[in-house]
Amino acid sequence: MFLPRKILEMKLLALLAEDSGQGDITTDLVIPSNSTSNASIIAREAGVIAGIEEISVLLSSSGLRNRSLIADGSTVKAEQRILEIQGDTRTILSIERTALNIMSRMSGIATKTRRLKDELREAKLNTVLACTRKTAPGLGFFDKKAVFLGGGDTHRLHLDDLILIKDNHVAAAGNIGKALRKVKLRASFSKKIEIEVATLQDALGAAKLGVDIILLDNFKPGQIRKTVKTLEKEGLRRRVMLEASGGITSQNLLVFASTGVDIVSLGELTSNTKSLDLSLEILRT
Amino acid sequence: MFLPRKILEMKLLALLAEDSGQGDITTDLVIPSNSTSNASIIAREAGVIAGIEEISVLLSSSGLRNRSLIADGSTVKAEQRILEIQGDTRTILSIERTALNIMSRMSGIATKTRRLKDELREAKLNTVLACTRKTAPGLGFFDKKAVFLGGGDTHRLHLDDLILIKDNHVAAAGNIGKALRKVKLRASFSKKIEIEVATLQDALGAAKLGVDIILLDNFKPGQIRKTVKTLEKEGLRRRVMLEASGGITSQNLLVFASTGVDIVSLGELTSNTKSLDLSLEILRT
Amino acid sequence: MFLPRKILEMKLLALLAEDSGQGDITTDLVIPSNSTSNASIIAREAGVIAGIEEISVLLSSSGLRNRSLIADGSTVKAEQRILEIQGDTRTILSIERTALNIMSRMSGIATKTRRLKDELREAKLNTVLACTRKTAPGLGFFDKKAVFLGGGDTHRLHLDDLILIKDNHVAAAGNIGKALRKVKLRASFSKKIEIEVATLQDALGAAKLGVDIILLDNFKPGQIRKTVKTLEKEGLRRRVMLEASGGITSQNLLVFASTGVDIVSLGELTSNTKSLDLSLEILRT
Amino acid sequence: MFLPRKILEMKLLALLAEDSGQGDITTDLVIPSNSTSNASIIAREAGVIAGIEEISVLLSSSGLRNRSLIADGSTVKAEQRILEIQGDTRTILSIERTALNIMSRMSGIATKTRRLKDELREAKLNTVLACTRKTAPGLGFFDKKAVFLGGGDTHRLHLDDLILIKDNHVAAAGNIGKALRKVKLRASFSKKIEIEVATLQDALGAAKLGVDIILLDNFKPGQIRKTVKTLEKEGLRRRVMLEASGGITSQNLLVFASTGVDIVSLGELTSNTKSLDLSLEILRT
Amino acid sequence: MFLPRKILEMKLLALLAEDSGQGDITTDLVIPSNSTSNASIIAREAGVIAGIEEISVLLSSSGLRNRSLIADGSTVKAEQRILEIQGDTRTILSIERTALNIMSRMSGIATKTRRLKDELREAKLNTVLACTRKTAPGLGFFDKKAVFLGGGDTHRLHLDDLILIKDNHVAAAGNIGKALRKVKLRASFSKKIEIEVATLQDALGAAKLGVDIILLDNFKPGQIRKTVKTLEKEGLRRRVMLEASGGITSQNLLVFASTGVDIVSLGELTSNTKSLDLSLEILRT
Amino acid sequence: MFLPRKILEMKLLALLAEDSGQGDITTDLVIPSNSTSNASIIAREAGVIAGIEEISVLLSSSGLRNRSLIADGSTVKAEQRILEIQGDTRTILSIERTALNIMSRMSGIATKTRRLKDELREAKLNTVLACTRKTAPGLGFFDKKAVFLGGGDTHRLHLDDLILIKDNHVAAAGNIGKALRKVKLRASFSKKIEIEVATLQDALGAAKLGVDIILLDNFKPGQIRKTVKTLEKEGLRRRVMLEASGGITSQNLLVFASTGVDIVSLGELTSNTKSLDLSLEILRT
């Protein structure tokens, strides 16, 4: 998800503009126009930091010098310094909240993702831990980049980068076979095809018809296990990837991940988020 | 926070565009261009619904007829229908996720706010429950509207609608007195003035110098009680509003709210959010 | 009204784009691409200069070095140099008109505001001189910043930073009491409440019900005086600020300002404007 | 200057967004969401109305029905109704100020232009009355359309629709001859060529070299007369149009217009503007 | 590539705005504001029509009724009518050129794609005919949709929907193995992996390491045949798709397509384009 | 067509954003964040280069140093280097395709224009070679600038910079005379007037009524010759410019150009385009 600097800057400035209104009236009245400061962004709790590239572009674009002390995706302890800033005090104060909001949200998502990924690792499971499109509205880029930095899988970035045939598509087409035929007729060779199924029967059918990924929607762990076994028995298991989705939470993650699926996906990674506590501290010069 | 329909539409379309990419390739391949459907948005868990106005504008702008069954801010039970939609199936499917993401986040925020507000009410406290500027980046409008619909206070909407002198401003000016003097000299009569203090002494000083609101930053409940009493003793209590902020969570809310302050503010309302579980169900026609 | 540099730059570039069309065809044909120049912006008449920050950001963003010789809000004499520019001649020529239009309008507004503020001062009146929302469409930020630099009060910056209950709101609610009750029930603690009244009776009522500011709409000077006295007699004068608005012009300003109100507001400051005569002079190198 | 409706709408919504901020908080609190109203826009003083097309597009785009009682460019008397509106009360109130600001500015410009044009007509002069690029920044489209509706000439709309060689271009090229040669070598056949001159000598030279229009910059009326005569004597008068510019105001307009030039241009038409007094009156239903 | 109507409209209005400038001055002067017309878009030469959905959204958004007589992707003969339009004459005339430019370009691309696809079909080849990212700048969506409607494959829509490891990536990583290892470690399961190779040896290596698609870059037809055979001999042919790219033109297409590759891709489909000749004919009412 | 750097940058970034999606996923996975490279843009075939200014602004805006080895409008041989680039490898790779697409299209247009212009020159004809508004949608600026650099005439840049009365306008007005009268009554003095005619009779009529340019629409070469002669006979030839348009191609260009018209215009210059083959080669450091 590498974006040319200016394209990233445009995304970030749209976020900043929303908070700016007609300008920071307090700072304007209190801080002299020639005041400069040194400042640091500091973690108030331990976690995985994401958003350093974003904040760095945002600060630089407003003429603030800055230097990150750690890399995106690094773990920090409470009270650890993340980034040093130097420049116009009024600019620092008027950007502060937007910058912290971006990095806190991204770091919160990265931290949770990393914790769950670590749980999988400790359980000797190399199941892929994926997020879904249940992001904060408009923040798909930032939310998914945070999942990636935490060690998770970004799944679809847009509606255009994976063919994912869901229940509503199947229903409209009549059945799985008809939906797949329509797709295969004209889908670009460059895209994978995934299909959502609700029963073992459909999973078997889909595997036979040839898809890249089967999404087992709202399957109980037992059902998933049975599906995996049946596919193995039929010699179809290696042909497809299996994604379990629906009803998976940080609590029951290991149960689902140990069923033999390739991928577990959790909407919760981006829709049930706790921002990491960060703050910006100013040292006037 | 009433926005003319077209201005709200522009905000919503920016969110939709982010998810659309070069278009919904699955829907394009599977769903015929003349297919129409009836659909409903349904709550999968109980909560307070926010975002009906938003979703209605979003759907209408793409030519989908829609009718809300409840009003923004209403409580729903699990499996209750919220909104009915009628129109082009491909359009419904390609808007579905963005619409749900908006309403789920807003409803999650409104639900939490309402729960805490209810706790205050049951404790016979009419303390104002306010959010802060710790919103998802760029989503201040939606996050704060959700807090309002949940029964909370929106606090500052931008950096331009309340003069809030924080520690960094005070430090830059030298002391509270100097900072306030600068502000009073040129601040618009139309804005309230709030000042953040870290000690009882400063709270007292600020009250004497005349401000509209004093923010007691990271005060322990005991400190707050003492401050309230001291201000009462000095006859200054009625002149100012007192806001407690910092370290307040849904767990300790009642402790802080019962100290005698007018306002308690929690960043958590918008930075530690759990989206309400909603889904869109299609009934083909 | 301090905006982060890039947010201000975006506002300014929108203005520049409007004038650029598909490019400056004259400059393209006549001026060689490697020509550089020194230039100055010069006042052709005396006045108060506003817009230096804006022009500086605009010039710098296009790679032109520039140095202001005076500060925003300073007084200049006719033929005084304001700003020195150095860089690509074609860029200077293609930005010239937009830059002058911005600074001329802002300086014209600042000059008029300063003149009226000075009249008040000479009459020993410290009445606040406020503008209204009658700005050039879309130019609220620039017009109000110019009023501020001239010594005036910016009043509401948006529809979201002061609750101002006007006649139409009162009529919709039934009466002043009902309108105020609705507002007080849910208004954010962070906003002041102002109400527009048309009679002494209503002013009295509003003061009793508790509002921050009363707008005496289209009151004659005599009526205002009587209202002030009545409020004093009832012990209500100190509880509220009084704003006189409607029918006030630069001609009758002192009459209104000497009635005892706290604020006089004039739409004319931003809707009846004479741009200050400025020009850009090139010294080729 | 006919713009497709949606392109005009985009320009207008940008103006509306600037005033909206995070929404109209007063209207939100006081006016019920199902309230509808009839309203009228009324002239509070006599003048020429411009901006009806703009306001109509703006209102319609937000779902407000509206009907204009007069055509753009018509004269109205004080207290005459201009436009009738019907629809959602909250929408009307939150658009009111932006709509009035647009129409008031445009009508003020149209009124002044018409008055001066009428003065020329009464003096039996059919000199073209042109504006310049000295508009409010970013409002060139609206300002020039207003001049057109008032009976004036819009002059250049962008930097790309007329080749206008000014003093700085001439200086950079060396002299008038060299500048013209450069232009003629590559200028599009579709554009007229105008050149600014400071002396009779240069006017003569330019006419001989063949240009479409000569701008007599800051010529005194006597100088202009002499130039006209000299060109006539040399048989060059009919080959070129003559534009007088610089130092022309509403006061001395007739003196300049009676010198025999084809065009007089006044920056003042768009840079020294008095908005026409209009108001919006609501009749609740 | 199904886009919600409003998102498509925004893309189209950006194209229209570019051509509009400050408005259609001819139409404004000549056509009365209440004139309405019937008009048709007519093919002046035979071909495959693409862009009907686009033009329909563009026309409808400006209030013009319209009805398409054929479906997107249909073949037309010279002089066949494609679309009927009804509405405001001035609007029709000011949108005409932009609408025709969109549909002419898309139809030109679709026509060429269809012709080549038909040649493949006649030669009994079901090789995929793909375009590349060599589109007109900024027009990727429209160019690729036209290729799709012509029967071609859209290939990558963005830089984010297929992992395509090109020579520069391989060189930076050291060799194919290292590049692939890096990718496989963190690539999303939802994306296919394609790698560009320059020799048979590398193709073999890539197939063994496991990729989804191998791009044979600038291979001569003989080389491709040899590669296909070698992969078959090694039992690797069925594991990967093979794409031939570089040096393929409409002239030599069949030679390349008959080598046994799965996909041939031609930059020419979108970078060497001849717009289909269309015109808009007005029938005044 | 000189645009201030930042306005040009905004146009270019819009093109880049379209291709970027959520970011370059391949480059992100393979190229280390601290890798820097030297790269060159190289012509793979001979031609005229256009777009150097554009690419330079695009590269610089993303922090890539760059140096052009030739000037815009220069001729290059196959394998000649055009531009050298130095900087962050990931940035270079993610901008590469957009940059090449811009320069390839512009250079293809400039090359064709230059070739045709050279043919005219060799035939001793100094007829103006003009393009039309048949550009790629939204790319008018770039397409026309390329025509200019190739030696052609840009014709209208917008709908606002030349009054061009076409058949539909004439039909709406009734006849040529009526259309012209309407235009002359209110057209700005700053614009030329061109009228499209279909018969010698109308050409004659238009010349008598006084227009700047007559467009002979779809005239056969013989008809054009006859029109030229008739106008000469009537002493009207020198009063107007004559533009031949419709049915002119690179094949029959000389036939039309030698009829005695001043201007020949070809839609083909921008609607039947073959991008010049360019590539970007990386030299890692």
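Think of it as A, B, C, D, E and F in the order they're written, each chain with its own count starting at 1.
As a working rule, a residue touches a chain if its C-beta (ideal position, glycine included) is under 8 Å from a C-beta of that chain, and two chains touch if they have at least 3 such contacts.
Being a predicted model, the structure only gives us computed values, none of them experimental.
With contact taken as defined at the outset, subunit B and subunit F are each touched by A, C, D, E. Think of each touching pair as a link: the shortest run of links from subunit B to subunit E has 1 of them.
Set side by side, A-C and C-D show the greater C-beta contact count at C-D. Among the remaining chains, the Cα-based centre furthest from that of subunit E is the centre of C.
Of the chain pairs listed in A-B, D-F or B-E, the one whose interface repeats that of B-D (more than half of its contact pairs identical by residue number) is B-E.
Over half of the residue numbers found at the subunit D and subunit F interface occur in both copies, marking it as a same-residue contact.
Our note on geometry: subunit A versus subunit E, Cα centroid distance of 30 Å, whole angstroms.
Subunit C and subunit F have Cα centroids separated by 44 Å.
Between subunit E and subunit F, the centres computed from C-alpha atoms are 23 Å apart.
Spacing of subunit C relative to subunit E, judged by their CA centroids, is 51 angstrom.
Along subunit F, residues 1, 20-25, 27, 94, 140-141, 157-158, 160-161, 186, 188, 191 each make contact with two or more other chains.
Subunit E meets subunit F in the complex at residues 14-15, 18-27, 29-32, 35, 89, 93-94, 97-98, 100-102, 104-105, 133-142, 157-161, 163-166, 168-169, 171-173, 179, 182-183, 185-188, 191, 271-275, 282, 284.
Those residues of subunit A that touch subunit E in the shared complex are 1, 128, 130, 148, 153-158, 160-162, 186, 188-192, 194, 213, 241, 243, 262-263. Partner subunit D is touched in their complex by these residues of subunit E: 9, 13, 16-17, 20-25, 27-28, 61-63, 90-91, 94-95. Listed in rising order, the residues of subunit F touching subunit C in the complex are 1-7, 10, 140-141, 144-145, 157-158, 161.
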